[in-house]
Amino acid sequence: MISALKNDLESIFKDIQISAPEDDRLIINAQKDAVLTILKFFKDKGYDHLAMISCTDWIEEDEFELIYIVGSYSVYAPAAEDITSDKSGVSKEAAFNGGNILLKTRISRKDPRFITAIPVFENSEPYEREIHELFGVDFKGHPRLTPLFLEREYKIPPFRKDFDTRRYVKDFFDQIPFVENKEK
Amino acid sequence: MVINILEIIISPVLAFIIGIFFMGLFRKITARLHWRYGPPVIQPFLDLIKLFHQQGFSHGPVFDLGIIMALAGSIVLILFIPFGGICPISNSGGLLVIIYIMLFAPLGIALSGGEAANPNISIGISRKLILALGYEVSFLLALLALMTYYNTISLVDIVEAQDNYKWALFSPLALSGIAYFIIMPAMLGIRPFDIAGAPQEISTGPAIEYGGKYLGLFNIWHALSMFVYIALFVDLFLGGGSNPLTFFIKMLVVFILLTFIHGVFPRFRIEQAIKYLWKWPVIISLSGLILITVIR
Amino acid sequence: MDRNDIKKWFKSPDKMGDKYSLWAIYFCTGCGIIEIPPVITARWDAERFGVIPVATPRQSNLFLITGYVSVKTLRAIIRTYEQMPEPKYTVGFGSCPINGGMYWDSYNTIKHLDKYIPIDGWIAGCMPRPEAIFVAVTHLWTLIDQGKAKAYVKYREKYGLYRKNQEMALGKLDWPPLYTTGGGND
Amino acid sequence: MNLAQLILISLCGAFLTYLLGKASSRIRDTFAVFISLLLIIPLFCLYGKNEEITYYSFLGLPLILKITPLSWLFAIAVQTITSLSVIFSLSYMKGKERLDFYYLMLLLVNTGMLGIVLSADLISFYIFWEIMSWSTFLLISYNRGPALHAGMKYIVMSIIGSASMIIGILSLYVNCGSLDFVQIASFIPRTSSGYTLFILILFCITFGIKNAIAPFHTWLPDAHSEAPSPFSAVLSGVLIKMGTYGFILFMYTIAGLNIIINIGGGSFHYLISILAAITIIFPTFIAVLQDDAKRLLAWSSIAQVGYIILGIAIGTGLGFVGGVFHFFNHAAFKALLFLSVGAVEYRTGTRDLNSLGGLIKKMPITFFCALIGVFGLIGMPLTNGFVSKWLIYKALILGEHPFLAFIALFGTWGTIIYSYKLIHNIFLGQLPEKFSNVRKAPVTMRIPVIFLSLVVVVFGILPGIPLKIIDTISASFGFQPQDIQIWGIASETGVLNMVNIFAAIFAALIFVWLLFLMGRKKINIAQDDSYAAGAYVPKDKYNYTVDFYKPLSGMIKPYLRDFVDDFYLWLADVIRTFSDKTRKIYCGDLGYYISYIVLFLAVLIVLKMGLKIW
Amino acid sequence: MVNPILLIAVPLAFAFSIPLFGLISKRAGRFIPPVAMLFNLVLSIILIPDVLESPVSVFLSGFPPPFGINLYVGPLGILFSAVIALVGFLVSIYALDYIKEGAEEKYHMLYLALLTGATGVVLTGDIFNLFVFFEILCISSYGLVGYLGNKAGVESAVKYLIQGSVGSAFNLIGIALIYGQFGTLNMADIAANINSVSPNQLFIPLVLFIVGFGIEGAIFPLNAWLPDAHSSAPSTISAVLSGIAIETGVYAIARVTFTIFGASDILLFLVLLGLLTLLAGELSAFSQNNIKRMLAYSSIGQMGLILFALGIGTDYGIAGGLFQFINHALSKALIFLATGYMIYRMGSMEISSLEGIGKKMPVSSLCFTVGAFSLIGLPPFAGFPSKFMIVLSALEKHSNLFIVFIGIVFLGTVIEATYFFKVIQVLYFKGAPAGVPAEKKTEISPAQETIKDRGVITGAPIAALIPMIILALLIILIGVYPKAVDEILNASSIELLDRVKYIQGVLR
């Protein structure tokens, strides 16, 4: 069934590369500004579950890569006998046993700015906050980009490749002196 | 008069020793139920030694006054309860005074817990009071059945009336006796009904802020109150024993039964506890009272 | 195990009391916590030695830190330590609290816990087995005997330094300093 | 200083305060306190004497005032509680408007109560009863808003009460010729028991309404929570006890002991004790559900009055002594609780139990006195509440009423539940942010509170003093006198030795305190340094007061809807709709009017001619 | 010994002299009624002592007893005339400042005519003379009810006129039947040989009289005119109407049933009628929010109570009824006067608009409270002894039926207490209104010019306060010291009951 989905995609969107290595996964590389429309397209197709947004730091190409992993519960994993309900309005013959769609885009590393996916998937808010905190990617339109895990401010967001943890530990933690015991 | 003074001194000490022994036994038996070797029987005593030289944090005068009042209430209660042959202050007020002096302890702890200003403590106290409301119904019915049956309000008379093996438990008061035994775990605050001091849910309820000597006093109070309720049960329904030894043996039997119940049962939620306490024990004790009024 | 030695009980009840009724508050930090249940239940029964788990710091005198300490957990550890009554002993489990262990270069974990709170004893190993814990307890007994388990005294005397370290690591602490007096409080 | 002058002084004192108020508020305040305190002294030295004076005759009926041991006790209680509440209201009512009117009404209520207690014939009893009723009405609806509804509910019920009383008085006057208590007392044995029952029922309705016994209690919670605090202390301390005085008057002075016991086959006083038992149970558990401190105390007053009536209605000497002593104690500790809640309301501006907390740090003395008041309410040993409850229980148990005894004892636990909620939600727990700068209660508020707590404790440890007086009363009513010592009651069926208990408790306290000092020195820590699982205590979010007994209230709430109140409201609606219908008769159309007249004439003639009725 | 005819002649003369004074100065006319009434009051107080020993019977036209028109001044008559004079005097002082607009002289003339009619009804011993004075009373009260000239006033006056005329027609037919039967108009003469005729012939005139006087006496089915008349008449007139006019109607019924027909078997009927009126009055007043209509209905209720008391028939009962008459006359007049200026100041008769007047007009609200408390029957006020005597006399009849009746009376008292206390709460304890709610004015008093000077709410003027304070003091005095009126009450109740003494008094 993957091919049916592939043809629809190509027909609608021009400059995207689609590769479907195995049957239940579809890897799509798209341009920055096409991401939201593709997400919308998948949501209408019944892929209503945004599993996660992750980010990889290609330091050589000086780019960040945002990966949106979209899956679906309601439509495509019907119990064997529960064929009757087609409440989701999608044709049943697209019986595609779940599987994930990986939508990849590239954004520049110098000023990493991107738009938020909350209008399409509300649950993308924490993921975007995490990426903002650990990679420094600024999502425009995100209600509250406040820190999520870390206690302190870091000049270089810790998950970037150019963040040298050893040096950071040396010049932060090791500066804290030991408390000398009397007899020692 | 001298014997009386002596009795007044001995009975709290004796009660303390038996109480501490019971606590140790309690931990040993529950350990053995868990297939564990368990602490030595004198472990609570050792804990007391540690606690009494450990630092205690106080939240204010009422915090100290509350725990002192609770322990003083238990000590006075011991003076009122005939223990084998010894019965220091037996002639002022009898059972009614005992019922009311029993209020000292929960209120004392409630006040000191309240001043410690911790919501877990307040939840613990409110659960303890609701639980008390639960078991108080059948407790009072049982006592009233006793009082109307022997037509007296003094505990000493009741004990004398049960001499030479005419134990109340086997007389028409059997129903009240059973009801009293069923609610004993609730009074002592042990496993099926230890919602008020549940370590997992509200981190030991009222005892959260007790450190050092406060915790020491709290443990002594717990030991003494265990002694008191079991001694009361033995006095009222098992004839009270002619000398301290037989009295102690009867108490031991009752105590071991209770520890078994403690070891086995899971903990009630507070609503379940109230529904249970207001259903079965009340039915038994009410029918006991009606039976007594019919007989009289 | 000189618990039954009555003479010692009369000579130094406080030491003996501390030794044979160690009430442990264990803070579920890091991966060491999975070692505690077998210690206190049937298999290795810590209660034989008087060690029982208690719910609140007020009631305890032994503080087990069982694993790596993240920056956020440090705040709770310090608060709990300060709420414990005076003769208190702390035991660090595993290598992570000693020097950061395998997270030695992580930006988010505390490397040397004893920079922030005094530790009486360490148990080496990347999650020591229950037997090691019992060894630690007996070792702690000897320390107490020799009067060397004085971490809390050190904390009291050098509170200023500790407090400074804590504020360096955690930024502003929102509870007032425990001891206003005490040396090194410049 | 005969009795008539006493009443006259307090009456003119009231009006004089009103006039002085016009001059300056300072003079008025001091004069009000002076007049109410002054009256205590002559009352005090009237003990034992039985003066009697006919001060006026009204339509041929002599109006007599007489002092008896019973009326002496009530008069002292009335006067002390009123003077304490006047002292309390000096600072409580400072900013409020129309204070002359308030003091006038307060002293008028005091005069009314004194008159009731001292009057020896039914007409002056009725006159003072009415003065008390409508001045209470004006005081209840004093601070506007919902108080008007409460005042209306009160006045309607008390008008019904006084209507049934006046009918009783007049039928007594018609049948027995004179309204003096002594003549009536001698007349009652001669008449048929049916007639005495009729008279007793009429008067029990009146006293039941004023006393807030089970079916007539609905006005009390609204009236108490809406009235100004000093007045609600008087209201629940002594004013509802006028009903108790009436009960005692009619059951013992007028009807006499043996008549009461076997009237209606012994069922009458048993019925009243069952009613009293019901009054103990339901209000106690409704009080547990209340969120407003004064409404909680109001429901608890209803329950405590149930104890008093239970004590009186059993009909044994012990029960009577217990009941009257409980009246005295309830006046003391209930006024104490109302005043302390008033002090808290004065300082924090609210009395909602869900939003208060932690005031023990800010108002320690008020807390301590409220604590003693709560101990008295519960009946802890060493407080006077305990002695009186002990007497009532002993009378119940030895008087073969085990189920009544059970209800009374179970009521005690209900009292503990709601009184601990009161103490905990106001004084214990974390101090909310908005009350961090609450100051101590002013001095004029602390004096009455401290005095009352002393009364509660002293009469708890040495109950002999009041019991001696009450014993003379019960002896005068034909009960066999109890053997009363300074330390308590000594009788063969059970001795209550309070000094003995006090010594035991005090020794135990000292012993435990020494044990406490043996330990290491304690360290005082701040209120917010409490265990919060490693976190620092969050401000304002670390308090468990909202719906304090949630599990319990979940279970008992459905059964505790106030059915009686709904019935009365339904009745009022029926009357209102019926009156709208009757108004429709005057429909404004002339044709109807003329047809009414002619129809009326025709009907008369037809009746006369056709049916020859006349 | 002053001749009692002056009691009627002087006010009549003054009434007709008002236009003359009008020539001197336009507003001089308003001082005449107080003078006349003061004279009447003084005269009746002088007459009381010697009337008490033996009633005075005077013959106007010099003919011997059975023929001439005679005035019979017994204790009952003098009591009524004293009260009429007192209330009339106080209300006229109140009216000095209250009535400013419209045809003043006509108002004062009709006012005096009404009072002379009332005094005449009370004093006359001759049926036809009774009818004539009754007509004077009714006609002047029709005029006065419609005095305001607004739509509601005229409409209620016309309704009142028609019903009044129907009533007087019945009276006339009754008098004609009696005259045809006995050939004489003198009450004593008819009373003397009343039993020379079979009772069922007598029944028709009796019923006609009861209905005729009942309309004026506000008995239940006949009093439909009262609520409209009172609510649209100016306050002074409604005070006089419910204070005096209704009582004369009841007096006439009492005089007819007791002295002339002596029909003791009709008493039970009177009791039932009284209770019916009481209940109807109280119930319809309960849910009324126009204050004057409420007071009108409460007057009906009080009339029911008086009728009930008279119906009891024992001397103590009738004394109680008359005491209630005094109490009702005084306190209802007081309440109407008090509300007069309240309504005038607040601009509308709705109770809800009278909020917070207790602070603005303290004296009149205090008087309102005193009047209300005395009507309910609370101890220190006049209502208490009267209700005391009524209930006592009812109980003395020792019949269970009367206990039920007393229950109903007290039900009425409870309802009355409820709505009076509701008004008191509105006066004192509701919020103070910001300004004068000018827009919803259903009735403004006749006189005052524009609204502007009423911006700030001031107390009633002095001329209005004096009568109110006097009335309040009188109520409290009688309430505390009932023996003052006790003596005259007993004498007048004996006079009503003892027909033979009346007959000898006139025909000796």
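Couple of notes before you dig in:
To keep things simple, chains are lettered A, B, C, D and E as they appear, and every chain counts its residues starting from 1.
Keep in mind that, in the parts below, contacts are C-beta pairs under 8 Å (C-beta built on N, C-alpha and C of every residue); 3 or more make two chains touch, one makes a residue touch a chain.
Note that the structure is a prediction, hence the values are computed from the model and not measured.
The chains in contact with chain C and with chain E alike are D. The minimum number of touch steps separating chain A from chain E is 3.
Where contacts are defined as at the top, ignoring chain D yields the following touching groups: A, B, C | E.
Distances from each chain's CA mean to the overall CA mean are smallest for chain D.
Taking each chain's centre as the mean of its CA atoms, E is the chain most distant from chain C.
The chain with its CA mean position farthest from that of chain D is A. Here D-E and A-C were compared by C-beta pairs in contact; the pair with more is D-E. Here the CA centre of chain A is 62 Å from the CA centre of chain B.
Here the CA centre of chain B is 79 Å from the CA centre of chain E.
Chain B and chain D have centres, each the mean of its CA atoms, that are 37 Å apart.
Within chain B, residues 51-57, 203, 208-209, 212 each touch two or more of the remaining chains. All chain pairs that touch, listed by label, are A-C, B-C, B-D, C-D, D-E.
Listing the residues of chain D that touch chain C in their complex gives 520, 526, 529, 531, 533-536. On chain D, the positions that touch chain E within their shared complex are 58-59, 98, 126-127, 130-131, 134, 137-138, 141-142, 144, 147-148, 151-152, 155-156, 159-160, 163-164, 166-167, 170-171, 173-174, 575-576, 578-580, 582-583, 585-586, 588, 590, 592-594, 596-601, 604-605, 608-609, 614. Contact residues on chain E toward chain D in their complex (touch as defined above): 159, 162-163, 166-167, 170, 200, 203-204, 207-208, 210-211, 215, 221-222, 224-225, 227-228, 265-266, 269, 279-280, 283-284, 286-288, 359, 373, 376, 378-380, 384-385, 387-389, 391-392, 395-396, 398, 403, 406-407, 410, 413-415, 417-418, 421-422, 425, 428-431, 482-483, 486. Within the complex formed with chain B, the chain C residues making contact are 3, 9, 13-14, 16-18, 20-21, 23, 41-42, 45, 47-48, 50, 52, 54-56, 58-59, 61, 83-87.
Within the complex formed with chain D, the residues of chain C that make contact are 27, 56-58, 75-77, 79-80, 83, 86, 174-176.
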